[in-house]
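The two complexes that follow have subunit A in common; it is paired with subunit B in the first and with subunit C in the second.
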Partner chain A sequence: MIAAGNPDVKTARRPREGGRRFPLHWIGALPFLIYVALFLLLPTAIVVVGAFAGKAGPSLSNITDLNQGFLLNAFFSSLLISTASAVVGAVAGALLAYAVATGNPRGVLRRVVSSACGVLAQFGGVTLAFAFIATIGSVGFIRLWLQERGIDIFANGVWLTELPGLVLVYTYFQIPLMVLVFLPALDGIRPQWREATESLGGGTWHYWRYVAGPLLAPAFLGATLLLFANAFSAYATAAALISQGNPIVPIAISNFLTSETGRNNPGLAQALALGMVVIVAIVMALYALLQRRTSRWLR
Partner chain B sequence: MTRARRLRLQVFRVIVLVLGGAFFLVPIGAMFEFSTRGNRVGAPRTLEAWTTIVTYPDLLGAIRDSLGLATITSVGMLVLLLPTMIWVRLRLPRLKRSIEFLCLLPLTIPAIVLVVGLSPVYRWMAINLVDTIFLLSFAYVILVLPFAYRALDAGLSAIDVKTLSEAARSLGAGWGTVMFRVIAPNMSSALLNACLLSVALVLGEFTFANLLSYLNLQVEIFQLGLANAGTSIAVSVASLMFAFILLVILSFFGRPRRRVAPERTGLAYPSAAAGPK
Partner chain C sequence: MTTTVAAAGLGTAARAGVEVRLENLQRRYAGVTALDGLSLTMAPGELVALLGPSGCGKTTALRLVAGLEQADSGRVVVGGEDVTGQPTNKRDVGMVFQAYSLFPHLTAWQNVAFGLQMRKVDARQRRQRAGEMLELVGLSGFADRFAHQLSGGQQQRVALARALAIQPKVLLLDEPLSALDAKVRARLRDEIRRVQLEVGITTLFVTHDQEEALAIADRVGVMHSGRIEQLGPPTTIYSRPATPFVAEFVGLTNRLPGVVRGGEVDVRGTRLPLVQPDAADGPAIALVRPEAVTVASGGETAAGPLVGTVIATAFLGATSRVSIDLGDLTVLAQLPTSEATALPAGTRVRIAIRPDPVLISRDEAAPERA
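Up next is the complex of A and B:
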């Protein structure tokens, strides 16, 4: 500690790298940036550029080719099942979240449910499709059990491999996701607000209609949008489950991408992919907006 | 709370939890049931579907490949992300926002879109470099980026990176020592989190492998399902159990200690949102 007051120490030169700061600094982040540029930004650019490229130079032909009956149908089906599974998942998930949130915040139930939801929200793809085929497929456990009792759930055709089946299967990962997203919002509700309502003479209905409802609405809508984007982007589950008849957008893309179907058309696949990106981007922008609004009250 | 209201609430909770439990447990139970069925109607329960797993060499190969992919992806992710995040925290704080944005970007771009963009890149790599399934790791690192970033960021926020590194540097440690012998051991649970999430994600991945025409575990299960439903469902159950165990371990190692307030990013997308769907 002798050096403490010594002026020489204060003016001692900085280590050498300090002299030439600029290059050394940025080199540290370069490997990551190059990697991301190659495997994330380049593919995105390929999609965007490819969607606007024709046989010779830039053209809108890929975009205008989207205006075909079966492709518009695919977009319609995608929007439909995403909306349906988002709404069903949001309502059911909110109820489940409320049932958990009203319990002991440090209890076993809450711990188990949130862990399980973390796992189940990840669950998807081939395994999930098989799980439902084993449950209510044509030789599924529940189907056979109901059949023995004279109930045929497939009396009007095997809807499991059609759009309604897809909605059902999607809710399996949508509900847990909703619980994960909505639980923090429910935790933000303070019991004092209910007490204040009651001291002003309001009942349960008034509380939900004028206090908790409006406070939770932005969080609920935001979470629903998130669920929508989640379902809209899903591919593997649909690929493993759905029959070829009425594809959704991701399936249509995969048909144009793989050459085995004989309709290999990368340009059209890129245009469809661009369409998906635009829709997801709009939804996520709205989500971010609602998120900001939610945080005003529920923190 | 009045007594009547408390009772009503309890009834509501029990009903919702029982229905929810049934909805989530029955399909998993049904898979077990299906995988132990005998060949004929009324045949006794059998483990045949499980024991025949080992008689499919393609399947075993796919399991091996998927485990290899999971390992390569985890290591690649750590090597790429950890030094960058530490470096950015210490020396380039200006870049933190951009790095975070880039890491969370894969959540908003649907996997199928990335495949469309990556397929020319992969065709080029398969022709000009080597054509092996392990090339998929390049894409998988991007896929696990958001989850790994969240886990590592939580770990880094819980320790005082600056003080640790200054202390180490003032004792003469080089940057390599700072990163791998000072900071990394202090965030082991975050590293474990990031790795387990990566492994779980890679083992469940179907979209990339299927569309880039590589046979990983999920693609093989899917194709096997067309020929032998029992065995393919048995493998599904096994892989599911494996992923469950990984994720349960993860939830018991606990959320890393958080000192800093929850993130305030524009993209507040929950980590669980983008599984292998």
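Up next is the complex of A and C:
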């Protein structure tokens, strides 16, 4: 009988030479860690402190001020856009990733899609906004071309600069990101699992229902959460498309920090930012949990 | 390993073996012939090992029986039924893959019960049958472990239990030991044989490891270029190889240049009878097993065509393999270790070749060894 292990055998630790030593391999990571500390952890700390600071010291006034209709609407809109673009991006990206994963591993499709996604997942801001304005904006050539043929995509208003427009534009970088994040999980699915399912009497439906589906579900959900966080924190693209109002939280934060019309309120901006930090932190914690499960199954 | 499965339990899992026939199977991939008219009949309950180098077509043959690939022509008949056109999930075959085939999100017992679930066996029976199968492979204490919590050998045992749980007509083993280390491999090999005999299932075992094939199978089919070059019991395959390819692929063989004359081959002054005495006269390579070479260190060892120097000795346990440099070639002799230890490197020796019938090769190219 093969035993799983001998509990009597204890693993000996390698003795330290000359006492406690600084692990040298950390030196390589030091510049990056300093960079992250300066421009992620420090600003986060400033946001947290600022959110709880009033004019006369510590205060909850910024937090309580969040309970205003237009700010709650901004949160709701941000959540809505992020969820919609994450779901659309995840489904479309997963289909594209599946097409790539089931193709030739050294084929043209894989090389082209992988390279394109690496670039397009980072595409955003003014450039992306311009690309959409130039094509399907009010005077965009596709919009005009369709209009000449009697199809007016803006018959009920210019939705490109509203929330549906943001979902469409965000999808542009969400799909490639999904491909990049989800493709390794699909690559981890072994052909033997399908063949084993078949030899055990199962068909395609059983394979997806009982094997591939459950195996890929954590990776899919994790990737969707990542897409959500990606959209939730996006600012530049929305700012380039929308010039008025506080439709989503990042734009509201910007307005409270830069307003020249008396609405300048850094404390409230920091409270909004804190709300975003909390939401993103929860999402990323769930993502990490799901990733752990995926990496154990789909090595 | 002890067998602890209750007769009643095993009875529910076992099914009498059936005859399996592969008839003139042809398979080509993009112009390359993988199977070239392969035919094989397996008796009920028999374990046949297909042995051969990479690319010889052995895995293709197994996949055609499983239905994972379709033959260009030929038939697969299982238990008298032509299953050639049937999909895999209708063929009633159990299959153990090379490695990594357990579903990683399921526990050992859930893996074993998976095929029963596909067959809509109720949950209580599934649990019971999976338990019996895990007991059969000696893993009842590991039922709730996931694949990543099991060693490679344990995973393959679970895979074997999973394949047998559905009471298949035929068991297909696709190099199930190749990803394991040597010690586990030998133990699991014996374990597979024990279970196969106990269940009495007709089994096709594919391997490139000759030791494995010779140790486990009732009959071994040595494959070369999409055909079975020789099919027979392990002892016949080893001691009476039918072709030079089999002689060289199975076991070690000395390739000794000689000249064929009148049904014999003259190797450095020693005349050896031929397996095929009607071979044409002329230069040839005699294929001589190391066991047929004997060594003497006393007497006249100054010169002569069969005199040489020991250059190395490989300890194999009860026997040792001694390499002797004859000047223009090196000869291997397999000797009892007690004899071999008396021949340290540098010892001058005279070899002799036992006059057993030998095969000859006219082809200088050695077969690929996987």
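Here is the rule we use: the second predicted complex is superposed on the first by the 252 of 299 C-alpha atoms of A that agree within 3 Å, B and C clash if a C-alpha of one lies under 4 Å from a C-alpha of the other, contacts with A are read in each partner's own complex, and residues count from 1 in each chain.
The definition used in the following text is that a contact is a pair of C-beta atoms (placed from the backbone, for glycine too) under 8 Å apart; a residue touches a chain by one contact, two chains touch by 3 or more.
In this text, all values refer to a predicted model and were calculated from it rather than measured experimentally.
Peer 1: When the two structures are superposed on subunit A, do subunit B and subunit C clash or fit side by side?
Peer 2: Fit: subunit B and subunit C sit side by side once superposed on subunit A.
Peer 1: Tell me the contact category for A:M284 with respect to subunit B and subunit C: first, second, both or neither.
Peer 2: A:M284 sits against subunit B, while subunit C stays out of touch.
Peer 1: Once the structures are superposed on A, label A:L79 by its partner contacts, choosing first (subunit B), second (subunit C), both or neither.
Peer 2: A:L79 sits against neither subunit B nor subunit C.
Peer 1: For A:A131, using the defined touch cut-off, is the partner it touches subunit B, subunit C, both, or neither? Pick first, second, both or neither.
Peer 2: First partner only.
Peer 1: See if subunit A has more residues touched by subunit B or by subunit C, and give me that chain.
Peer 2: The partner with more contacted residues on subunit A is B.
Peer 1: On the A-aligned overlay, A:C117 touches which partner chain: subunit B = first, subunit C = second, or both, or neither?
Peer 2: A:C117 contacts subunit B only, not subunit C.
Peer 1: Once superposed, minimum distance in angstrom between C-alpha atoms of subunit B and those of subunit C?
Peer 2: Minimum C-alpha separation, subunit B to subunit C: 7 Å.
Peer 1: Please output the residues of subunit B touching subunit A within their complex, sorted ascending.
Peer 2: Contact set of subunit B toward subunit A: 5, 9, 12-13, 16-17, 20, 23-24, 26-31, 33-35, 80-81, 83-84, 87-88, 91-92, 95, 99, 102, 105-106, 108-121, 138-139, 141-142, 145, 200-201, 204-207, 210-211, 213, 218, 221-222, 225, 229, 232-233, 236, 239-240, 243-244, 247-248, 251, 266-270, 272-277.
Peer 1: Using the touch rule from the top, collect the residues of subunit C that touch subunit A in their complex.
Peer 2: 1, 66-68, 87-89, 91, 93-95, 97-98, 100-101, 103-105, 114-115, 117-119, 138, 142, 145, 148-151, 153-154, 162-163, 166, 172, 184, 187
Peer 1: Mind pulling up the subunit A residues that touch subunit C in the complex?
Peer 2: Per the stated touch rule, the residues are 1-2, 4, 190, 192-193, 195-203, 206, 210-211, 214-215, 296-298.
Peer 1: Could you list, by residue number, the parts of subunit A that touch subunit B in their complex?
Peer 2: Subunit A reaches subunit B through residues 25-26, 28-29, 31-33, 35-36, 38-40, 42-47, 92, 95-96, 98-100, 102-103, 109, 115-128, 130-135, 140-142, 172-173, 175-177, 180-181, 204, 226, 229-230, 232-237, 239-240, 250, 253-254, 257-258, 266, 269-270, 273, 276-277, 280-281, 284, 288, 291.
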